[in-house]
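Paired with chain B in one complex and with chain C in the other, chain A is shared by the two complexes that follow.
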Partner chain A sequence: MLIFGERINGMFTDIGDALRNKDPKPLQYWAVKQQEGGAHYLDVNSGPAIPTEERVAAYEWMVNVIQEVSDLPLVLDSTNYNAIEAGLKVCKRPAIINSCPAEQVKIERVFPMAIQYNAGVIGLTMDKKGIPKDAENRVAFAMELVAAADEYGLRMEDLFIDPLILPVNVAQEHAPEVLESLRQVKMLANPAPRTVLGLSNVSQKSPDRNLINRTYLAMAIASGLDAAIMDANDDDLVDVAATAQILLNKSIYADSYLKVFRSR
Partner chain B sequence: MSVTLVKERYSSKVGEVVLGATSDQGGTRTSTVTVGGDSTLPFLHFEGEMQNRPVIAMEVNDIVPSWNDTIKAQFGDTLSNPAAWAKKCVDEYGADLVYLKLIGADPEGENRSPEDCARIVKEVLSAVGVPLIVAGCDDDEKNNEIMAAIAEAATGENLLLGLAEQDNYKSIAAAAMVHKHTLIARSPLDINICKQLNILINEMGLPLNKIVIDPMIGGLGFGIEYAYSIMERARLGALANDKMLSMPMICTVGYEANRCKEANASVDEFPGWGDLQDRGVLWEAITASAMLQVGASILVMRNPAAVSLVKKNIADLMSK
Partner chain C sequence: MALTGLEIYKQLPKKNCGECGVPTCLAFAMALASGKAALDTCPYVTAAAREALDSAAAPPIKAIKFGNGSVIGDENVLFRHDKTFYHPTTLIIRLSDTLSDEEVGVKLQEINGLEFDRVGLHYSIDGVAVVHESGDAARYAKVAGLVAAGTDKSLLLLSSDPIALKAALVPVASRKPLIGEATADNYEAMVNLAKENSVPIIIKAEGLEALDDLVVKAQALDYKEFVLDPGSRTAVQTLENLTHLRRLSIKKKFRPFGYPVIAYTSNSEPLDEIMEASVYVAKYASVVVLNTSVKSHILPLMTIRQNLYTDPQKPIQVEPILHSVGDVNEDSPLYITTNFSLTYYSVEGEVETSKIPSYILPIDTDGTSVLTAYAAGKFEPEKIAEAMNACGIADKVKHRNVIIPGYVAVISGKLSEVSGWKVVVGPRESSGIVSFSKSIS
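Moving on, here comes the complex of A and B:
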């Protein structure tokens, strides 16, 4: 189970301000803190803080300042592919592109770029029309992304299918459909593509967010989830990831398994 | 239609452990032995590397052992002299390492003092140039005393010291750490305890490349399959980047194989089992060969005739 730390995102005030002021400290603080929490990758998203025309320079800067303090590989999170490419050029370790929907034009832009920079791709099970309601249509989009990986020569392990979880308070019927999608995606190829979720979405604007997040994480891991973009500093949540790993017999049990999961 | 060779890709490998130290490194060994480093299942050279071949440590005791005569006869009168015995193992039988077991320390037996034990270790160190493995008797408390003395007396030699166990690891781990030796971590056929023990030892500050796993095998016909599957699981764990299971493994083949009745009973007693001479050799050699197939890095053996067979087996398996 891979944890992609979600915190370096311009939607958070401290990161947004840091981006506007070119102050590396908050980014570096969260890079180190998330690594200590248990993150395996760091998601990097400028959010709306930076005007479109400055995003290319911003991603290059973000990657560089984060790499000054952390060896963790990065997940470059943007809809602006030029910005992602600028980031990929300066990444020291193979990164992951976040993300590419099942749209031909975007696939043609993203997959060759992934091959060129030895990066992974998060593929979203949606197209221009939006997020489907049921598992069947999510899996159909996943199949298109799997076919694209095959066509461009991206290793299946480098394709992370994201079946897109929505907030349970307003889109409750999606939660079980996403679990079903996770199960079915694992049957699309051999070796299977990997799977990922933007976990915190499930609890947007609900009370007891942490409880919802960790309950859904356990359910999703049991359904075949390989990675989650999530709060790497929510200790209870990281404990759930570690424990699920043990209960699925993916990591050999030892009394100190919680500690082992966080060490590297 | 062409056939594509299926190759597994592993994300990690077994850690390398160096035993012994030459004069440049503060010891007196003529050469060191490196074990581990494998990036594949045993001997699958086509999909990974077997960095170092498995090695054989021959067992030497500080008192004349109660082994059967077919084995003892091959050592002649050296059995009462650990240094001469060790020298014979290395010079004549080609042992890569000497495994010195200090049975004489047992309070129920000779009750040899820590100083005496340390002296015997020093004698064996001067008799041979290969690295040494030193294990104690069956008494935990006494072992802690003798190992502290031995670790200190042999500072710099990078001995492989045994045995750390789940309920008794602190003092020997401390001795290994202070005097820069390597440590055997023994678990009772239990992969969970094996992993936890490595964690506990590592938390004391001993680096992972100073630990060797002893899974406590069973001899052929007496539970060998439990050891076999546990070792396979540990190896797969190591290859999948489980750092706490990535240590090389040591197997006490000679002890386990030779306490089986089949390795000791004469043909008169059990006519259906055939000649004891061959049976005894094969009982130990087959136990060892099975362990090689699941990733043993160090085989602790007794019978020179079995050693010679297993050496040939290793050479065959290592040739690509």
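Moving on, here comes the complex of A and C:
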């Protein structure tokens, strides 16, 4: 189970301000703090804080200042592929591109770029028309991404299928469909592509967000989830990830397994 | 093993014509993978694609049977802890046709004598490889006949000359020997010989690429009872080849390598040879051909084989009969434990260390430990008393004291009542047996 720390995102006020003021400190603070929490990757997203024309430079700057304090690999999160490419150029370790929907035009832009920079790709099970409601159509989009990976020579382990979880308060019927999609995606290829979720989305605008997040995380891991973009500093949530790892026999049990999980 | 959507998709024509009732080939592949459609509805799949899809659904390594009950191949894991290894390596002793008739007799006697009884198990060697080294076809046939008459073990006939091999094979074909070797030079004659006689054949080439090539050619002769030999004769190279062959067949479903593999030892020093053979047994060889036939060399190899091929999910058990440690006499104490091997050998080791000759009676608890058995109702006083009666311990000792594990002290009263023996509660851990034994003697 890989944790992609979600906190370096321009949607948060402190990060948004830091981006506008070119102040590296909040980014570096969260890089270190998320690493301590148990993050294996750091998601990096400028959000709308930076005007479109400045995003390319912003991604290069963000990657550089984060790499000054953390050696974690990065997940470059943007819909602006030029910005992602600028970031990839300065990444010291193989990064992950977040994200590419199942649209031919975008696949043609993203997959060759992933190969060129030895990066992974998060593939979204949607196209221009939006997010499908049922598992069957999610899996059909996943299959297109799998076929694209095969065509471009991207290793299946480097393709992370994201079946797109939506907030449970307004799109409740999606939650079980996403679990079913996670199960079926594992049957698409051998070796199977990996899976990822933007976990915190499930609890948008609900009370007891942490409880919803960690309950869904456990259910999703049991259904085949390999990675989650999530709050790496929610200790209860990270404990769930560590415990699920043990209960699925993916890590060898030790009494100190919670500590071991965070120390890797 | 079900096919993945991607594997199916790659075999489809990618026309997206919709004639199958599904708009795209990709969606059709998905429908096939989930069992919602049949391949027949696509009018454009080629015979080759159909064949590829059929064979991809077959087990990763074909089971090959030969000789006297030898079954090889049919494995599906790389590590035994993932599931288990199913078919123990077939061990075969090499016998050259350059030996005289008398020497053949002596060697056969030695090979037939390779039978062992150890810790309740019986091991025996599986077969004899008759190797054509004389260059004389008539001599080879004669020796093969002598071997067939002298043993009922599985036979392996090795010759690169199809004519000599045929002469040796035909009279013993009913024994279904494994034959070899088909090489790039002779494979047509060899494979056809195997096919005519319905016996499996070794396909030998130098290196994996050449082997892939040769297997594909040999398969085209419409025969698939193969055993592979990647040609290597050093331990390092063989280990590498064995690993690649097993990985490719299981992980990548690479069909040309979906057959069992044979390995030959190369060390002439017997102790080195057994080390080498142990590596091959541990690392996926289905057949190992050995030179040595000395009992003291073969026993450790057979023990390793037996050990590696046990099912890790099933607890290993000892025989639930009365065991004795040391030179027991009528005063020897009697210990009760369970037949789980870990439990039993922990007790046995400590009893041995105590230097007091003793009896140990493991109760048949289906190989579970003391507390597991007790909790499952498999370590009841009545059952223990029954086992004590059945083993005849009462006639072997003059005392009437029985020692039980400290963790089940609670059964002492009832056991004493049903057995009529005085029940002594031993230490909770077997590590306490040494000091405990001093207190009772």
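The rule is short, and it goes like this: the second predicted complex is superposed on the first by the 264 of 264 C-alpha atoms of A that agree within 3 Å, B and C clash if a C-alpha of one lies under 4 Å from a C-alpha of the other, contacts with A are read in each partner's own complex, and residues count from 1 in each chain.
Please note the rule applied: a contact is a pair of C-beta atoms (placed from the backbone, for glycine too) under 8 Å apart; a residue touches a chain by one contact, two chains touch by 3 or more.
What you see is a predicted model, and the numbers here were worked out from it, not measured in a lab.
Enquirer: For A:M187, using the defined touch cut-off, is the partner it touches chain B, chain C, both, or neither? Pick first, second, both or neither.
Expert: Only chain C is touched by A:M187; chain B is not.
Enquirer: Which chain, chain B or chain C, is in touch with more residues of chain A?
Expert: Partner with more touched residues of chain A: C.
Enquirer: Between chain B (first) and chain C (second), which, if any, makes contact with A:V90: first, second, both or neither?
Expert: In the superposed model, A:V90 contacts neither chain B nor chain C.
Enquirer: May I ask you to decide whether A:A147 touches chain B, chain C, both, or neither, giving the answer as first, second, both or neither?
Expert: After superposition on chain A, A:A147 lies in contact with chain C alone.
Enquirer: For A:V32, is the partner it touches chain B (first), chain C (second), both, or none of the two (neither)?
Expert: After superposition on chain A, A:V32 lies in contact with neither partner.
Enquirer: Kindly classify A:Y253 by the partners it touches after superposition: chain B alone (first), chain C alone (second), both, or neither?
Expert: first
Enquirer: I'd like to know which partner A:V139 touches here: chain B for first, chain C for second, both or neither.
Expert: After superposing on A, A:V139 lies in contact with chain C but is clear of chain B.
Enquirer: Do chain B and chain C touch any of the same residues on chain A, and if so, which?
Expert: Shared contact residues on chain A: none.
Enquirer: How about chain C: which of its residues touch chain A in the complex?
Expert: The touching residues are 2, 4-7, 9-10, 26-27, 29-30, 33-34, 251, 253.
Enquirer: Could you please specify the touching residues of chain A with respect to chain B in the complex?
Expert: Where chain A meets chain B, its residues are 251-256, 259-260, 263-264.
Enquirer: Per the contact definition, I'd like the list of chain A residues that touch chain C in the complex.
Expert: Residue list for chain A touching chain C: 139-140, 143-144, 146-147, 150, 184, 187-192.
Enquirer: Write out the stretch or stretches of chain B touching chain A in their complex.
Expert: 191-192, 195-196, 199-200, 233-234, 237, 242-245
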